[in-house]
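For reference, chains read A, B, C and D in written order, and residue numbers begin at 1 within each chain.
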Amino acid sequence: MTQRNVINASVTPKGSLETLSQREVQQLSEVGSGSTHKLFRQCALAILNTGTRIDNAKTILEAYEDFEVRILQQDRGVRLELFNAPADAFVDGEMIASTREMLFSALRDIVYTESELSSARIDLSTSQGITDYVFHLLRNARTLRPGIEPNMVVCWGGHSISTEEYKYSKRVGHELGLRSLDVCTGCGPGVMKGPMKGATIAHAKQRRVGSRYLGLTEPGIIAAEAPNPIVNELVILPDIEKRLEAFVRVGHGIIIFPGGVGTAEEFLYLLGILLHPANREVPFPVILTGPSDAADYLQQLHDFVGATLGEEAQKRYQIVFNDPTEVARQMTEGLREVRRFRRERNDAFHFNWLLKIEEGFQRPFDPTHEAMASLPLRRDLPPHELAANLRRAFSGIVAGNVKDKGIRRIEQYGRYEIHGDTAIMQPLDKLLQAFVEQHRMKLPGGVPYTPCYRVVS
Amino acid sequence: MTQRNVINASVTPKGSLETLSQREVQQLSEVGSGSTHKLFRQCALAILNTGTRIDNAKTILEAYEDFEVRILQQDRGVRLELFNAPADAFVDGEMIASTREMLFSALRDIVYTESELSSARIDLSTSQGITDYVFHLLRNARTLRPGIEPNMVVCWGGHSISTEEYKYSKRVGHELGLRSLDVCTGCGPGVMKGPMKGATIAHAKQRRVGSRYLGLTEPGIIAAEAPNPIVNELVILPDIEKRLEAFVRVGHGIIIFPGGVGTAEEFLYLLGILLHPANREVPFPVILTGPSDAADYLQQLHDFVGATLGEEAQKRYQIVFNDPTEVARQMTEGLREVRRFRRERNDAFHFNWLLKIEEGFQRPFDPTHEAMASLPLRRDLPPHELAANLRRAFSGIVAGNVKDKGIRRIEQYGRYEIHGDTAIMQPLDKLLQAFVEQHRMKLPGGVPYTPCYRVVS
Amino acid sequence: MTQRNVINASVTPKGSLETLSQREVQQLSEVGSGSTHKLFRQCALAILNTGTRIDNAKTILEAYEDFEVRILQQDRGVRLELFNAPADAFVDGEMIASTREMLFSALRDIVYTESELSSARIDLSTSQGITDYVFHLLRNARTLRPGIEPNMVVCWGGHSISTEEYKYSKRVGHELGLRSLDVCTGCGPGVMKGPMKGATIAHAKQRRVGSRYLGLTEPGIIAAEAPNPIVNELVILPDIEKRLEAFVRVGHGIIIFPGGVGTAEEFLYLLGILLHPANREVPFPVILTGPSDAADYLQQLHDFVGATLGEEAQKRYQIVFNDPTEVARQMTEGLREVRRFRRERNDAFHFNWLLKIEEGFQRPFDPTHEAMASLPLRRDLPPHELAANLRRAFSGIVAGNVKDKGIRRIEQYGRYEIHGDTAIMQPLDKLLQAFVEQHRMKLPGGVPYTPCYRVVS
Amino acid sequence: MTQRNVINASVTPKGSLETLSQREVQQLSEVGSGSTHKLFRQCALAILNTGTRIDNAKTILEAYEDFEVRILQQDRGVRLELFNAPADAFVDGEMIASTREMLFSALRDIVYTESELSSARIDLSTSQGITDYVFHLLRNARTLRPGIEPNMVVCWGGHSISTEEYKYSKRVGHELGLRSLDVCTGCGPGVMKGPMKGATIAHAKQRRVGSRYLGLTEPGIIAAEAPNPIVNELVILPDIEKRLEAFVRVGHGIIIFPGGVGTAEEFLYLLGILLHPANREVPFPVILTGPSDAADYLQQLHDFVGATLGEEAQKRYQIVFNDPTEVARQMTEGLREVRRFRRERNDAFHFNWLLKIEEGFQRPFDPTHEAMASLPLRRDLPPHELAANLRRAFSGIVAGNVKDKGIRRIEQYGRYEIHGDTAIMQPLDKLLQAFVEQHRMKLPGGVPYTPCYRVVS
């Protein structure tokens, strides 16, 4: 067993406005029993690991088995008592400010998510109700800031990428920052950190205060992708679908950097929405980019989209090879269009109400072998439906690769079978092969990759 | 009919953080039908009358019958469209900033109050649930600021007082302000304005920024006591009992200035709580004060408390005759004690959780003739129960004097009869007589006062 | 002798940026010998009397004969040690923040004025050099804020006026404040305080932060007109002429309220400048105003200007009788013109470089009997020269009334004789008579007024 | 000739407080003639080259021969008109905020330095007078902030170092930043940038606002070491001696990273001062540090100090090999001592008045062959005098290596001869040899190094 440095500490929110009622404190304090407390403990541990390189949730949870957190009410507000907390979160015995802030963000979101669910105002059975729920969660986290012109750029891509790709994402972030744009990511390492770091330096050069480094995460992923310490707004959405919806409702444009099958899943989610007839006229700048080294990857992804969803789909995004300045310029131009459109339609700058997201995208997909095998992957489907199904296929592969439940299913029933038109199956197979060759199919522990699926055309 | 200057205008929240979901906008927009919209229209009209001297809700509502307000979503957030709004709320065509701010505070509170009521987390059937509700409303209004040492002084007293008394309240506010204390009132004119005005000047002298002038009101009273424009935090609680609970939970000390039977009601509400055995050790500075002219009034009130609730009750407050500096000094000292106590007990500075408020104080009292006649006003009751009943008696008289329903009851069934021990009935009668003689029983329209009650011992 | 409460205290500048070199500290510390220290002690004493009603410099200086102040260097900056300081400047033993701020403003200005005088960059022998000097003094005091649109309204008028006039000046200040205008005065009581107080309340209503209440004074007058505590920028100019130049260079418009012969002197100073041919096209809003009670006074002043300087002079200002809103509206309109003009000519918003001020206005006038007797007061002079001479005449009368040197001269040589054309002498005599009748010729100690002059036509 | 992108632009200070008098504008505008204008043009050009990699002043000046800058007065303040300015200073046509800020800092310092020199208050003939001058320059630049506890860490070292050394300096800066320390450097690239960049990220993690990245430079060096864009306070001192004095008076501790002969010169300057008997008790944390690769270098420098100035000298600093955290910890501890000492002695936190700097260190050393040859380098000198002379020897070598005048002298008269005790000459020779071997003797254009001196023992 590895040596871990741990520390006991008591922290209070500095300058934060979080207050809790006695009932809320009690609910969070029920150590052992309450699921709320368990959830908070798990998120807290992930946040305290910020900055370390372990990206395996299980490993972290096991390494700090005796970690505990207690919530107390006191004269000046809420206080957290931490026991056996990772020492890396502290400098000379004092907790790093960003870590402390994130702990209280987690507290805020977990308390609110719970109580909001019990509210009659939320009707999760309808698409509109789910969108309202996402809105309420973001509003409670003070993420929605009316009056600010569209400038929130979402960066998607792998959390485990090459040094070249990481540096490139920093350079893009720097160019975004020079143009006074804010950055939103999934809040872990890799592409989720690079653009924020580049933007921080650029914002300092531009003497910009109040810059936003927004991290959107969810309890299932926070341990594996601990928020990087530059994130200065952390929001924990309750699940992956809410998180994806938050990205596209709160972001004004999206940049897609190289990544693995998870990034492909996100890309298809986005294309599925943008290809929906109702969204035809909604401007939404999307840029696919990477350094010279990643040119092949970008081309393969682009070709795959062309081969499966067609040219119309390719028109919804731009590819920029190895040119951070050009990426930032095109994004700036795209955002101008977003502003013009929202003003014209009187849509809020801070929340993309007009974007139609079908219920299929809002509900979790459970990748049973049966569900995977019966995914309709046919050229005669409307492109947005085909995109939705392809996204489900990728989602299943991610589960088969790294998620507990998925791995067990593969162990029990063998590989997933994915069926469909040859015109789709061939490009899909080719793309997945390329991912494997480029080492973009990462498994925990560095085990060589064995596909969890079989493409059947 | 009087000439009214009206104006049409479109206002947006400047620097405010209010955002609404589409559903909330819709709910508020249902002109004519929805009670939420009606409530908002009524509060908006009261706020737009800020600064005028009309204190009759009915008169205002009638004078601006064709006033209308519409809520719109737009790119930069929420926008209000006002039609036939009182011109006094504008300077050269632009709405006064404090008025605009209060409009959006009203919007915030009405939306939240509604949706919170529908939430399963709120259980209004228990005392604890009601307190939680008050907490949630205040938290949502960002009134609870953790980390600030106890410095919120509530000022109670008449909204229609003599010039001498008004000036005195300003001088007290000035001394409070010099000591960097904040002021909370019921947010109308008179004593609700004087201390805030005095404090504003003193805070300017002390170069204090971020001073708080907190106004707590409720829909039933806001029209009659329109918020004075110095109020920079307006919270609209749903009813009178929630408002009173908010005062004692959020205020750290209370100053009681001369007023009418309503002020007496508030004073008895406070004494009823402080005399509860559970609150015996809770420090809560209460100061009864007024200018030389009001010395008789103060003495009569003090004597009444002595005669009915006894010496123990008199010990829970101090009387200061005509000495603003002394009032401020004693309050400062009392607040030090509050701070010490809360720190010791780990109670929040921003919300007085430890104060026990019995359900009887949290529920409305409906002053039917039967209820009034059967109020137990006996010396053998525990003082805090007697105080509660005396508070109900005063509450009934207020209703009989000025509230629609109460007036109609008196017209139909004659005066209320109040029964009780002679030792209580005599002082009560004497006090009420004094109020009449001192013209503290105000009726709308300046009609000479005819008592709506008869004291029977 | 009256009982005086005194206090010893040690104060440091909170949040202020004043730093001193060791040499500067030494220079200020030479108690007894150095004139710099004497000057500072005198100003400090005046500032500590802020808020008291004594307006007689001599009385104050005598009352606090044993007052002393020492300047010390310490780790966190400069510290002042005060001995036997007036207790009114403190609240519960702590100095009022505005008083503390002003003490350090005085320190700053006195140190800078001294050292600047010794600088070769300042050439006081030329008109341009004097203007540069005024500019440097104001810049060092951080009074010149580039980038702010013209909104600084100077209010001139008596420091000892009727309650009616004081209230009126408050109402005008309130209307100015509602229109987000800043206020500059001579920083004492009366008209120097009223508009600031009114504006403070209005700025609070408009949620305006960073409002400026600029007080311009000079060592010779600060003791008699102690800065009122609302002043949040205090600048001590070295003498009366620099102070007057500062008013017209830094103010964007001027309102003249009722006052005595000193106010008349200021009014003529202003007219003398505005009537100069070089300033013909320079817009400069000037409004003469007062309450109903002061209508006679305003009319007399207006008639006097008409009779002596002619219609052209009357066109350089407007009279508004008893209408604060109208005053504020006209001022706002005038300021728009100022902005347009400065933008067109590329003149700074923060300093009126284009205004021509002749050397005659920049140099002190020494009112000997000979100088007074030989003032040319002839209708055939150009109006701006006649205005300059009339200003000198008023200046002499002020000296003869209240200044040490002037009083002694009158005692020794009898009344001043003022000669001139009958067409000027008659209106002058009439105006001065009116001042006497309206009790606008105030003498220290309330002694009945005996004229110190004789008008000879 | 290389292709240069140039741009014409007009810039105004955003949020800055710089104002100029008409005379000052005129003085700066005299293109061609005035030396003030020439100086400003040169500094402006250097600042506009921020971020480029050219570190040769002459090259820059020649590359942008047709660059011009004009100063204009306008309504909202000062405006600069730039012609043929380097395009790299702009993003999409708009000047980067930090560059704009620095341009106006340069303007401020050049105007003030000139006018201050003409002031009688400055007596440059005395040591105290020179210190006062430095104080005034820093105060005018608002660099002296009273009330802040000692936390300004000066980082000295080469501007042209290895990647390893650069990365190390970033890591040290990161650790300093985590401990909320500010950074001051000579404001160019290399060691002057690394610590600031590291601190920027760490300050973001610690949510620290108002962090200071202070750059102290002088006109002779600014072109070669253009301010890096993180510098958010730029001060241009008039010459190298004032700049060195500014470093030790305003910095609370100093970290010395690897560098060349210039860094050695600075180190000896510092030791010379700290070894002065009058400074024996003045605490001043000095840390010599570098990455593993630089261990030899550090050891050589340390040995040289031991061999020439003795153990006493070695006790005035600490060596830390390759341990950023340890560096930051020791510095934090050292600063605590500084605070304690200054508080005890009532010395300002913001300016180290108590440090004795002999006139010899305040006056330029002109390295003629004669002066170099007659430098007394004997063991029997008091260590602080020997340090002063060694510093002069290094200063001469720097001049002979890279400065115009020095190079010409070497061309004309051959190498400098440096005489002294063998016990000093041998270590000196050895150290210089090591510098050559480690390529720390950089010449413009990468020419191989030929020594400009000869050590004669």
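Please note the rule applied: a residue touches a chain if its C-beta (ideal position, glycine included) is under 8 Å from a C-beta of that chain, and two chains touch if they have at least 3 such contacts.
Note that the coordinates shown come from a computational prediction; the quantities given were computed from them, not determined experimentally.
Looking at the partners of chain B and chain C together, they share no chain. With respect to chain C, maximal separation of chain centres occurs for A (centres as means of Cα atoms). Mean C-alpha position of chain B lies 63 Å from that of chain D.
Between chain A and chain D, the centres computed from C-alpha atoms are 45 Å apart.
A straight line joining the Cα centres of chain A and chain B is 47 Å long. Counting only residues that touch two or more partner chains, chain C has none. Pairwise chain contacts in this structure: A-B, A-D, B-C, C-D. Across the complex, chain D meets chain A through its residues 91-92, 96-98, 101, 178-179, 197, 200-201, 204-209, 229-230, 232, 329, 332. The residues of chain D lying in touch with chain C in their complex are 13, 15-19, 21-23, 72-78, 115-116, 118-121, 128, 132, 135-136, 139, 142, 144-147, 339, 342-343, 346-351, 353.
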